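Next, two complexes with subunit A in common: one pairs it with subunit B, the other with subunit C.
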Partner chain A sequence: MKRIIKTNEFSVAAIITIIWILFGLVNPDILTVANLYAITRASIISATFALSCLLVLLAVGIDMSFYAVGCTSIYVVLNYLVKNKMFDTPLLLIFGASIVLAIILQLINWFFIDRLSLQPFIVTIGSQSLYKGFLLAFIGTTYITTLPTSMKSLATKYIASTTNSSGITSNLHFLVFIVIIMYVLMHLMLSYTRFGRNIYAIGADVIAAKRAGINISKTRFFVFLLAGIICGIGGMFQVTLNRAAVPADLVGQELMVIAAVVLGGGMGKQARGSILGTALGVILLSLISNSLILMKIPSYYQQAFTGIIILIGLVIQSSKGKEQAVD
Partner chain B sequence: MKKIVTFVHNLDQDVKRLMGITIFVFVAMVLMRPKLFLTSNNFTSMGYQIAEIGFFSIAMMMVMVTGGRDLSMVGISNLSGILAAFILHDAFVKELSGLMLFLYILMAIIVSIAVGITCGFMNGTIISKLGISPMLVTLGTLNLYTGIGIILTKAEAISMFPKEFLYFGNNTLIGVPIPLILLIAALIVTAIILNKTRYGFELKFIGSNYKASLFTGMRNKNVLLKTYVYSGLLSALIGLEVLARTDSAKADFGTNYTFQAILCAVLGATNPGGGYAKVSCLALSLITLQFLSSGFSMLRLGGYFKEFAWGLILLAALSVNYFVEQRKLKKS
Partner chain C sequence: MNEIVKIQGMYKSFFGAKALDGMDFTIYEGEIHCLIGENGCGKSTMIKIISGFHPFDKGDLYINSKKFGKITPIEAMKEGIQVIYQDFSLIPNMTIAENITMYNDVYQNRMFVNRNKMRKMARATVKKVNFDIDIDKYVYELGVAQKQMVAICRAMALDAKLIIMDEPTTALTSKEVENLFKLVFKLKENGVSILFVSHKLDEVLKIADSITVMRNGKSVYNSRGDKISKEEMVYYMTGKKFSEERYSYIQADNNPLLKVKNYSLKNKFSDISFSLYRGEILGLTGLLGCGRNEVAKSLFGLIPATNGSVEINNEDIGIIKNVGHALKYNIGYVPEDRLTEGLHMEQSIADNGISRIIGSLVDKNGLLNMKKVQEKKKEILSLIYIPQLKPNNPARSLSGGNQQKVVLAKWLAAQPKIFILNSPTVGVDVGSKTEIHNIVKKLASKGVGIILISDDIPELMALCNRVLIMNEGHIINEKIIMDTSMEELSELIAINYKEVGKAI
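After this line comes the complex of A and B, so read on.
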């Protein structure tokens, strides 16, 4: 039991519970199931991209280009489909095309980071600008509001609903289910396959991993491949939930997702990042932005609040790290 | 003539490379729009624009030498600008003049610099004492400082400052825009700090090998702290410059300056992993990027193309740095 308490995930879970209870006392609406559904719907996109971010963070470093990759891949695909009036394309085909494109973009990152041994943060800042600029300068800047029919029906697919006292129905979206499945699969891969353990290994100490016989380049290649797949899926989700494709509208908000991943313990140096931690981090940040609105705190307090939470989280993590180092 | 040739020949390789790039870009821009580019109007307006990104780039370069990144510079500059703006706006509303006005402006400058130093101090303390990754700490403080700025201004812009103050942002001294003069001064001061002081020497040493410098007895934490304070100071100065030039203070101004600063530093032969930087290269890189930026507007290429080009240039600069490093290794 003591060991569980010491983990980072427990601290984050504790913070979530405390905040939830505190905010719930201020505004009981926060504690309702309907609000829970709202929070989960708001977190779908960040949760998906957080997964990609975590993967890259564990093995390589900070990736700033995930939103750009996701938005570019889906926009290019949709732009082509809409221009050629192909509104009856099956959903899986759209997913597939978006994923393929996202994989290509992430593999470009891989080339610079692995083959040329460059710093991941700077390379991905560069590719973020590159992809976003490419999208807006050469592909198009218009909002695409007429989506293929398959995407429109996905947007309104719910798996559960609840009606509150004033008769307003809130729905739990189907995509939440998909996100949970992705998280479970990723957890199984990271914990129980050799590839997963390799990821932790090269994240913690590249030289030791090389000496242990792990093929660094190959592992990184597959990490970026997976990241590409997840970004492509995330881009699809974004457009589906928004019911419109706004080119590159997410770009610029990467730091929030990175904060969520880091709060969940994702920083590769100690190889302690976990899927559960990332999920908790995403939930925490979504909870804060959702609750601040419900507590009628003006939205301009949000940023300062988020900053403080990030700093507190980092300080807690670093003090824990010191304890473990002493052991 | 011969002296010039030997001087150029003996220059450092990075400086040579950057001079080549700068001249190339200059010639290209002149060839493409000679009538627009070679005017004194153009050079003056470039002089105004280069100052803001210039200060950020200097700060980013210093922080990069330690191997870290300061993402909170924009937040610090906005916050310090906002606090100074309150004082200046007050002076404008009260229609002060003479000694009182001078005191108010002085107070605004002092407050702004104090805020910048405090924010930098906070950054530096958390990073050096707790050993947390600088990128993450400054990410948190970016949100914090910007957030405080938003709270103070209720997300609106403050404007209307005394015109005596605005003079500094919009006028020239012997034909050179005042912000540009300040930038040149900052470049010279930074070059002296980096190359001629003990702090600069320790900075480069710590950046290239943290552990070795610990064993040598250098005061690592002290140096890191000073670097972030310097970054905060420069950011506060930009905050003032933006106030003077644009006559307004906003909490979310200049959010893409961080990326441009990183680009400028990397193009300017700063090693992102730490340990090496050259102010002359940074200056050349600033000039190149400014030429490109103005050139793009003249060619009507738009902001999005500029983002694309900046990303491309960053990746290209990184790759070139890599190949140059490889060649150096092979030669030795």
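After this line comes the complex of A and C, so read on.
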């Protein structure tokens, strides 16, 4: 029991509970099922990208490019489909194309980071800018609002709904399911496969990992490959939920996702960033922004408030680290 | 007896620099073989070749009587060779159990990790070496000695036939070293060979079945069971005869330079009183954790004492409040950990040299006088001898011994009156050690009062004229070096006064 209380997941969960109850006291709507649905929906996109971010963060370092990768891939695909009026393209094919493109873009990151031994943070800032600029300069700047029919129907696929007293219906979106499945798979991979443990190992100490006989380049290659797959899926989710592909819409929101992952314990040499922690981090940040909207607080305050929560979370984490470090 | 590893005529160069130059080496089953040599003699290169980390250029490598043209780390592991590096190469964000079984998983090339099996195996291994610990703890929670135990367990989990330990005792207390040696003997009984790489010649004499001395990439001495003295080892390592002349102190002044009265710091030390005279080298020793570190730091104002007072040249200055206060009275301090406290590792060697006195090189207009800076840099670096010195290289590029010389030079430039040296030769090779000793002696003979904190008894014997022995925060004994012996000193240091009762 003591072990559980000491974990990072526990402290994030505690913060979530406290905030939820406090906000609920101010505005009871926050405690409703409808709001729960709204929060899960709001979490889908960042939760997906957070997985990619976590993976790269654990293995090499901060990735600033995941949104740009996902956004660029899906926009390139849709732009092609719309231009050629291929509105009947099956959903899986669109997913597939988006994923392939995203993999290529992430492997470019891998090349610079692994093959040329460059700093991940700097490389991904560069590639983020490159991908975004490439998209706007060569592919297009217009909003794509007429989506293929398969995507349109996915956009309104709900698995549960609830109607409140004033007659407004809230829905639990189908994609939440997919996200949960992805989280479970990722958890299994990180905890129960050697590949997963190799990721932790090379993230913590490359030389030690090399001495253990781990193939660093290969492990990183698969990390970026997986990150590409997740980014492709994330881009697809983004367009589906917003029902429009907007170039360069996502860039700039990376920091929120990174913050969520870091809150979940994904950063630092002693990081044992877990999937549960990441999920909680994403939920916490979605909860805050969602609740502040419901309480009609202007968005500037929201940003400031989110910043405070992130800092508090980090302070709690680091004070724990100090307690435990013996030497 | 079977040969585990045999190396014949091995050559290896890095970018044209010869690291191994016709090395011969053999280690047999079930022996404790010590490998000694100065920094840069090729010890680590040889270890890395045996463990498959570096390929070699030319020569023969036999492992378990099989010839290898080149060997990968995984093949080396399969042959039962395990290296425990100085940094242990553990993964901090994994549990002890995960670390112990990690190599096993890698070489068996398993896809999945069976947590139950993993913990079972870890528990069995931990038991095998009598290591009492919770295997679900994370490695970053452990102390140095425990980390080392985990690394040894990791090797044992793979049924290692040869365990190579690279400077295993550097960070251990003497009690922990004892335990390590017990374990090493136990491993030997089980038929495991140990290749023990060390700087500490006393330890080598204590445990070695056979000794190989390396110099300039070659084996220059190889013993199997026959006796070799420390002086001979040093001779083979350096190719030079070093005879340490004792520092002879002649009291010139009856007034103490420094008088410490009832110095105390809560929970660390209490009632520390002593005097230091001009030209004297005063030793301060005791087991790790006895408070000697804290006394040194408090005298330099790093952690101010809570009670007591200090007199310098008969002037009562109270407690030394901070580093600035200590500097005002010309106190210098060479810290224990030069990596984090002694040098600016990324800055150039020359810049490090002037870092202490840079304030005095400023012109009236508040800017640095670059001409003066250049002159000073040259002057300071001429105080020490570093072979092939490139003043503009970062301090990181130097070996441990040479780094320590830069630390000393930096302080020499500031001309301290009182100089506190905290373990100045830990992790320093024999040649540099002698040079550092000579610098210290020269300084003392010029009238500087020196406090030397060290647990290296031969060093205390060679340099000091008096030694204070600390235990549990108190000075419990004082010895004039002329009236004592190495044996007596080490006994006095090691006595557990709690068990003996407050007899003294």
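The rule is short, and it goes like this: the second predicted complex is superposed on the first by the 324 of 327 C-alpha atoms of A that agree within 3 Å, B and C clash if a C-alpha of one lies under 4 Å from a C-alpha of the other, contacts with A are read in each partner's own complex, and residues count from 1 in each chain.
Rule of thumb we're sticking to: contacts are C-beta pairs under 8 Å (C-beta built on N, C-alpha and C of every residue); 3 or more make two chains touch, one makes a residue touch a chain.
Since this is a predicted model, take the numbers as computed values, not measurements.
Engineer: Given the superposition on subunit A, are subunit B and subunit C in a clash or a fit?
Structural biologist: clash
Engineer: Where does A:Asp205 make contact in the superposed view: on subunit B (first), on subunit C (second), on both, or on neither?
Structural biologist: second
Engineer: Is A:Tyr192 touching the first partner subunit B, the second partner subunit C, both, or neither of them?
Structural biologist: In the superposition, A:Tyr192 contacts subunit C only.
Engineer: Looking only at subunit A, is it subunit B or subunit C that touches more of its residues?
Structural biologist: When the residues of subunit A touched by each partner are counted, B comes out ahead.
Engineer: Which partner chains sit in contact with A:Lys296 here, subunit B, subunit C, both or neither? Use first/second/both/neither.
Structural biologist: In the superposed model, A:Lys296 contacts neither subunit B nor subunit C.
Engineer: Quick one: classify A:Lys85 as touching subunit B (first), subunit C (second), both or neither.
Structural biologist: In the superposition, A:Lys85 touches no partner, neither subunit B nor subunit C.
Engineer: Let me test your reading of the model: by the given contact rule, A:Phe134 touches which partner, first (subunit B), second (subunit C), both or neither?
Structural biologist: After superposing on A, A:Phe134 lies in contact with subunit B but is clear of subunit C.
Engineer: Shared contact residues on subunit A, subunit B side and subunit C side combined as an intersection?
Structural biologist: Comparing the two interfaces on subunit A, one with subunit B and one with subunit C, the shared residues are 269.
Engineer: Where on subunit A is subunit B touching in the complex?
Structural biologist: 62, 112, 116-119, 121-123, 125-134, 136-138, 141, 252, 255, 258-259, 262, 267, 269, 298, 300-308, 310-311, 314-315, 317-319
Engineer: Which residues of subunit A touch subunit C in their complex?
Structural biologist: Checking each residue of subunit A against subunit C gives 3, 191-197, 200-201, 203-205, 207-214, 269-272, 324-327.
Engineer: Would you tell me which residues of subunit B are touching subunit A in their complex?
Structural biologist: Residues of subunit B touching subunit A: 69, 71, 126, 130-133, 135-137, 139-148, 150-151, 154-155, 255, 259, 262-263, 266, 272-273, 302, 304-312, 314-315, 318-319, 322.
Engineer: Within their complex, state which residues of subunit C touch subunit A.
Structural biologist: Listed in rising order, the residues are 51, 53, 72-74, 77, 83, 85, 87-94, 98, 102-103, 105-107, 110-113, 115, 136, 138, 140-144.
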